[in-house]
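Just so it is clear, A, B, C and D label the chains in written order, and each chain counts residues from 1 on its own.
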Amino acid sequence: MSQALPSIGHWIDGQNVTGGVRSQDVFNPATGQAEKTVLLADKATVQAAIASAEKAYPTWRATPPLKRARVMSNLKTLLEQHSEKICSLITAEHGKVAGDALGEVQRGIENVEYASYVTELLKGEHSRNVGPGIDSWSELQALGVTAGITPFNFPAMVPLWMWPMAVACGNTFVLKPSERDPSSALYIAQLAVEAGLPPGVLNVVNGDKEAVDTLLDDRRVQALSFVGSTPIAEYIYSRGCAAGKRVQALGGAKNHAVVMPDADIDNAVSALMGAAYGSCGERCMAIPLVVAVGDKTAHAVVAGLKEAIQKMKVGAGTDGRNDMGPLVTKQHFEKVKGYVDQGVKEGATLVVDGRGLKVAGYENGFFLGACLFDHVKPEMVIYREEIFGPVLGVVRVKTLEEAMHLINEHEYGNGTCIFTRDGEAARYFSDHILVGMVGVNVPLPVPVAYHSFGGWKRSLFGDLHGYGPDAVRFYTKRKTITQRWPSAGVREGAIFSFPSTK
Amino acid sequence: MSQALPSIGHWIDGQNVTGGVRSQDVFNPATGQAEKTVLLADKATVQAAIASAEKAYPTWRATPPLKRARVMSNLKTLLEQHSEKICSLITAEHGKVAGDALGEVQRGIENVEYASYVTELLKGEHSRNVGPGIDSWSELQALGVTAGITPFNFPAMVPLWMWPMAVACGNTFVLKPSERDPSSALYIAQLAVEAGLPPGVLNVVNGDKEAVDTLLDDRRVQALSFVGSTPIAEYIYSRGCAAGKRVQALGGAKNHAVVMPDADIDNAVSALMGAAYGSCGERCMAIPLVVAVGDKTAHAVVAGLKEAIQKMKVGAGTDGRNDMGPLVTKQHFEKVKGYVDQGVKEGATLVVDGRGLKVAGYENGFFLGACLFDHVKPEMVIYREEIFGPVLGVVRVKTLEEAMHLINEHEYGNGTCIFTRDGEAARYFSDHILVGMVGVNVPLPVPVAYHSFGGWKRSLFGDLHGYGPDAVRFYTKRKTITQRWPSAGVREGAIFSFPSTK
Amino acid sequence: MSQALPSIGHWIDGQNVTGGVRSQDVFNPATGQAEKTVLLADKATVQAAIASAEKAYPTWRATPPLKRARVMSNLKTLLEQHSEKICSLITAEHGKVAGDALGEVQRGIENVEYASYVTELLKGEHSRNVGPGIDSWSELQALGVTAGITPFNFPAMVPLWMWPMAVACGNTFVLKPSERDPSSALYIAQLAVEAGLPPGVLNVVNGDKEAVDTLLDDRRVQALSFVGSTPIAEYIYSRGCAAGKRVQALGGAKNHAVVMPDADIDNAVSALMGAAYGSCGERCMAIPLVVAVGDKTAHAVVAGLKEAIQKMKVGAGTDGRNDMGPLVTKQHFEKVKGYVDQGVKEGATLVVDGRGLKVAGYENGFFLGACLFDHVKPEMVIYREEIFGPVLGVVRVKTLEEAMHLINEHEYGNGTCIFTRDGEAARYFSDHILVGMVGVNVPLPVPVAYHSFGGWKRSLFGDLHGYGPDAVRFYTKRKTITQRWPSAGVREGAIFSFPSTK
Amino acid sequence: MSQALPSIGHWIDGQNVTGGVRSQDVFNPATGQAEKTVLLADKATVQAAIASAEKAYPTWRATPPLKRARVMSNLKTLLEQHSEKICSLITAEHGKVAGDALGEVQRGIENVEYASYVTELLKGEHSRNVGPGIDSWSELQALGVTAGITPFNFPAMVPLWMWPMAVACGNTFVLKPSERDPSSALYIAQLAVEAGLPPGVLNVVNGDKEAVDTLLDDRRVQALSFVGSTPIAEYIYSRGCAAGKRVQALGGAKNHAVVMPDADIDNAVSALMGAAYGSCGERCMAIPLVVAVGDKTAHAVVAGLKEAIQKMKVGAGTDGRNDMGPLVTKQHFEKVKGYVDQGVKEGATLVVDGRGLKVAGYENGFFLGACLFDHVKPEMVIYREEIFGPVLGVVRVKTLEEAMHLINEHEYGNGTCIFTRDGEAARYFSDHILVGMVGVNVPLPVPVAYHSFGGWKRSLFGDLHGYGPDAVRFYTKRKTITQRWPSAGVREGAIFSFPSTK
């Protein structure tokens, strides 16, 4: 009886509220059981959240940046104190192992920390004497109501990429987290109030397309950040821009790791294991493709990966000994498994087959074992499409140029990396590769919080990247003031005002 | 016989070329005569320009920034040397008086100058030790083929807002100037080659909607800048974004000047004359509305303006004694005149009526004399809509708050200014006004070239402003590299490589 | 028996240590009693502190900036928690009232906060392709052992201007606080260890000239910051530079407040009361001189001040109802009182005479009541010299120009302010005044922590100001790397390494 | 009869003037003949130059930055046009070959170019709402009269490091170039006037210690830049700072190039030839020491250098076929030759001996052939001291650590480089080496003009480096304005001023 399950609502104006008549189950991926339901906001609910944000805006905008920064600083402390609780919410709904959830939370905290530097980040440029007696300066002022729509795979971190900087800049915010794992974002919203964020500055609505479209079309929403798949990102960008707002929409990925013949293969294999199978491959910065330069390199990499996969432990995320948990939903499990079937059909060599995996005690969980393909070819579906699961493919090429050509021709350009010792190979690669985030011997080159996150090609729509310095510019609008003062009056006139004193 | 008129074509791959079967007359607004025709590019012609830009891109992108900067520096020198020629092309097609054309060219040169600082402007951010032994830095890399669509009112300057910075950043460019006055932009494109710009780096196509749509839809065009009216800006933003590209679209304006009771009225009147009637009011930074605080202020301002208008000289732009020239086309003349008729009908007081003006020797020219309305009300069409002609309206209010409320409620938010001596009034105004460019005792607060240009509300679609620092970010994409080096090998190993030398 | 008093030692290598044979009494200025003694470090003790800092340096320098930043972030939290304790230490040794002490601590915390942004602040500049295939970037690397010498008047805050940024940048530090009130700095050093600062990164030595000279001459100390009087600042700068180190030495002040005829006199008087008599005038940003423009202005200001002084409460800093506490020492009391005597002798009008003040229950305290002079003249000693006590003088001039001439001719150029409503007066003043920190209707224009602190003329020796952005540059040295990679080898060579795979 | 030689004077207030009774011969190093004499300014002459600079300051300071920038931009064009003339002046007095002189002039032009970006570079930081209703911003204002003292080895370039940025920032300048080759600096000063620099903004005095000491002691000189040897730099820093001014003093160098076993030896040898013998080794960025890692590396490097030296052509700089010219003076020739003798005595292996060289037709020229030592040891004088001549020494070590230890222990830390293909070796080296300018496969890592120049340890005294971003800070002083406006008056009051209109 799903009506007996605890129900997750929305967070509007500093209150837990219900809203919308439709709802949806939230599963524990390790058990395969629905354990909660989530309300799906209807248009009116989303509009209420927007209205709350609009109401909170004037006072919050007028709060000096240093005070706003300190709320972020307090939040950082609270997140550190409550990180275990947040991790357990993540694991219960997303499935990832606890250590991985903690990594996500840490990264999120770093974004809150960066938002707390906002006094420094909001500095405008001041020019004395742009003309005789004329000064000019720029200010980065808040936009008003802003919004974010975030994916299931980092339920705590990606929201923290967005709203802390948005509100630190003086905006108010409406967040629509993934309806599959909304609890951690909601919990953090409550911590924010405890940290001093006034009600209405941050609102959270759960929902689906109806909620999304309401945010896209409402003219009160000035800017919208999105992270998700490319088709949705493109839809968001197109519809949001058509409604006159600024939009940054981060989409899918198919990140290639190039392994050069001079690379330290043991290191590379170890790095690739985490990059390919960490969080069950459900990361837009995961490495689902290895491009080995030379057959000797390919042979060594495949052998190394095969051996490492044997040692990997798959199971419930709550058990700290596990390396990998389940996929997020039954449907996603079927989809990923279908890609593996497809790869076999297309003629790639399935070196390790994780399809038969059963986890004792979790027989209904959405577990798929690690899969490894060799001899993947660029024309195969498993090469072209984003799988978002624990499936790693090895492509064999003869030269670095060939490897780079593959990457540059691919639809996506989110992340990539190269394993080499050679300075020139690294420099040539990082200069000419058409990818936004590049690692040199770093498998997941997610920029630190004081740099910005974003891909190229169809991995990002918009001009400014996520978090870091670009986020400051995204969440503010520029105002340029040009000022001169007429040269008669108080200054020269002072003496004439008091002639009797001469 | 229009076929006898000189025909203006396109500039593709460093060549004057024809393209497209349709053409359109280009008029001299002072005489009212068509003196040239301009070819309207068809899809294939625009695609040829894009292809030329795409071909030129790899070599240009690999040219060190300092070399690209020096082409801009050379161009600056050439523009200074040929400014008279450029001004005559402007006046012949746009109609503005020579001094005004020169002002436009000077501003354009300043943008070229700023583009020549590109070595400084392209600096990325470098962080040593983002983690132990890991470094990270960002680069602002070129986008590829970029494009610009520019309006008739600043035929030389607005193109120079765009393409010099775009190419200085390593992009190539396709410019579609206004088909009403394309000659100055074409001439400057040729000077750019003389300055050292390789063929194909800048292409110019003339055209209308067919050309525009081709630029909007072609996936090879990575970014597009537009300046024009708001309805078109909105169309450009929406369609360009739907095609996945980054777009900045600057639209219309209705700039209010607030005159406070403490202002120096003579100064203000003098400033307003130029701001309202300069370039026949055909400027997105023109002041078509004065908001006088207090009836005494209003009375003095209206009286001053009326007197000043009597002294203004209207006539052909080629005569250096004239203050104001004709409107750009017959159609535009009719439209502006219609607004004056409308204002009278709506009940505003027409203090000065310029509708009957005849200029001796230029009886067919598109001349409209300066018009001045008092008692304009916010609900009137002449208050709400952008007229883009020599029509100034005075609105009377009682307080600064009331003046600011009017401005903040208006659809547009491009520029505004306040005339006052009072520091607090100026600060309160500049902080709370919802306008992107604010002047304090400066009637046309166009930012200098080292700041950026852009309005708020429906005056700009996109997140980054035009020229200045924002343009650098608009014309580049961020790449973030994260690098570590494995700690075995040449460094520690050196000694082991040469055991015999121990 | 002074040997019975508690003895204050040094903090070296994370330990409370003794060192030096000489010692000195530490007084409670409210009671006039010596309540502690402080050891005066000999050369060997200071060298031990330097050695500790040198030993701690390599590990601390290699600690990633984010980790160093977090120690600052922790310290901020601890300072907030323990601010009451710190304030009581300040009041017991310096005498200032509790509210004033709290203000000092808050400002200090803001500097710690700014130091915690160090990941952002340490970013270097990266340029791709400074030549073909050549990249160049800059890094701001730590210096090594750095030092600070701080004055009695802000015993907690001024040390926090220095060492948190120095250590956040990767340096280690030796602090020599004022020997008159060293306890709060020592206490904070212990909190820093609690916050995670490794032993030896911050050392505190108490002492006098012997300690100072040791720091100045020791070649291991790379940089030295000083705040104190101008003669000592000049000595420090000269001797420290002669020893080859970088030095910033902030000296004395004689800050003028200009009151214009259009100023809101009530506001100005209220602002001046705090600026003149707060902390008993013992602030380098205090206002000891008012320059009234016009006799009418002067008359109103003097009358207002006289009235306000009557309402001021002077007494022990521990009593929260008091506005002003005692002077710091008996000697300083005598010196300040001597200046009042001198002013009378020189012919200034002593409007309020605070010399006779007795505070019940604190008859031996170093209390001097507020003193107010009118008709002060530029040639008087009380005009020229820094008094550093509760003595305010009013100078009468006829014009702003005359006021500015006085300020610009004065030996010092630390701070100044103007009271006016007039934008032009403010702009003209701030542009042309030869003073480093300028207030417009702000009596104590101490820059916030994210800007920098420093005077002009003989108020600062060196080129970089204290705290804020300048401090980052002061506590780091620039390293510029230029890099190219030879274009043969792994990259192109890859294919040749594996010919059999063709 | 030396009285018959042309006499070189000073350039003060836009005029060629004489001044001082002492004079000195200026030699052509290729012929060994005195061909001119130079007047040595006495105290009064230098003071006249300072007075001229002081007089020119107020007007120049008030000139908007963009206008100052354009003078630099004009100068850049003039320098390009007259570079051949400048080169011939350099060769005639310094001796360096024409191609080398041209390189120097190009680098100098790049500094002028960077100074022309000054509108961008002078931007201050603006913060809205540092407190409620309070704004704060910083400005980088000019200092006043500044000065520079430059060495013989880059007679055109080093002055252009200094004065263009100083004057672009609004200062005026007194330059004292080297009295051995003053003509190119004087000639450029005249071009600057042609470019639009007002008389007095730049003054040039020739002289020796008397002139130097006058500049150091005069309180009107606010800042002084020096480039020369370390003992003099230390003297300048100490004496200039003692006179209360800001000083940056760049001293000597002994730059090591590390060659790793994996380096491309041919490339390295070719790079080292230019770095060691270019400009006869008279460069503070020359490479006089190679540290070869491993005997095999050393053997190959020495063999390669020996072979390359045979092909090098030494002769008069006016002959375009020559690679290396003479040393600058007879005395310097003797000193360098003495170092070679000393090296032989100390036991280093003199692989190539250039001491006997005679250049046909230039028998009296100060020519010394290239000298190459192998087996140089750290304790030898030729290792420790700066020779500043065509003498290259090879030191043999076993590991990179050993190489780095040598460099880090050396007195100087100006430049260094490493030849390797290995990313990790390069990164470890650049991170840990105590040297200000680091090359990776770049033998002379002189930063480009948009980065800054400066060494560490005893190669630079002061905190800010030369040219580039640091120079902007060096030649300006920070002013921080904090502003609030009282909230009564014109703004709220407006309505009450006009009650009759209600």
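In this text, a residue touches a chain if its C-beta (ideal position, glycine included) is under 8 Å from a C-beta of that chain, and two chains touch if they have at least 3 such contacts.
Because the structure is predicted, anything quoted here is derived from the model rather than measured.
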{"item": "Most widely separated chain from chain A, with each centre as the mean of CA atoms", "value": "D"}
{"item": "Separation of chain A from chain D, taking each centre as the mean of its C-alpha atoms, in whole Å", "value": "48"}
{"item": "Mean-CA-position distance for chain B and chain A (Å)", "value": "35"}
{"item": "Computed distance of Cα centres, chain D from chain B, in Å", "value": "42"}
{"item": "Residue list for chain A, restricted to those that touch at least two other chains", "value": "66, 119, 123, 125, 127-128, 130-131, 137-138, 420-424, 426, 440, 448, 450, 483, 485-486, 489-490"}
{"item": "Arrangement of touching chains [line / ring / star / complete / other]", "value": "complete"}
{"item": "In the complex with chain C, residue positions of chain D that touch it", "value": "125, 127, 130-131, 134, 136-138, 223, 234, 237-238, 241-242, 244, 246-247, 264, 267, 421, 426, 430, 435-442, 445-448, 450-454, 456, 458, 461-465, 469-470, 473-474, 477-486, 488-490"}
{"item": "Parts of chain C lying in touch with chain B, wherever the complex brings them together", "value": "62, 64-66, 119, 122-132, 137-139, 141, 420-424, 426, 440"}
{"item": "Complex contacts: residues of chain A adjacent to chain C", "value": "66, 73, 76-77, 110, 113-114, 117, 119-121, 123, 128, 133, 135, 260-262, 293-296, 398-400, 420-425, 427-428, 431, 448, 450, 483, 485-487, 489-491, 494-495, 497-498, 501-502"}
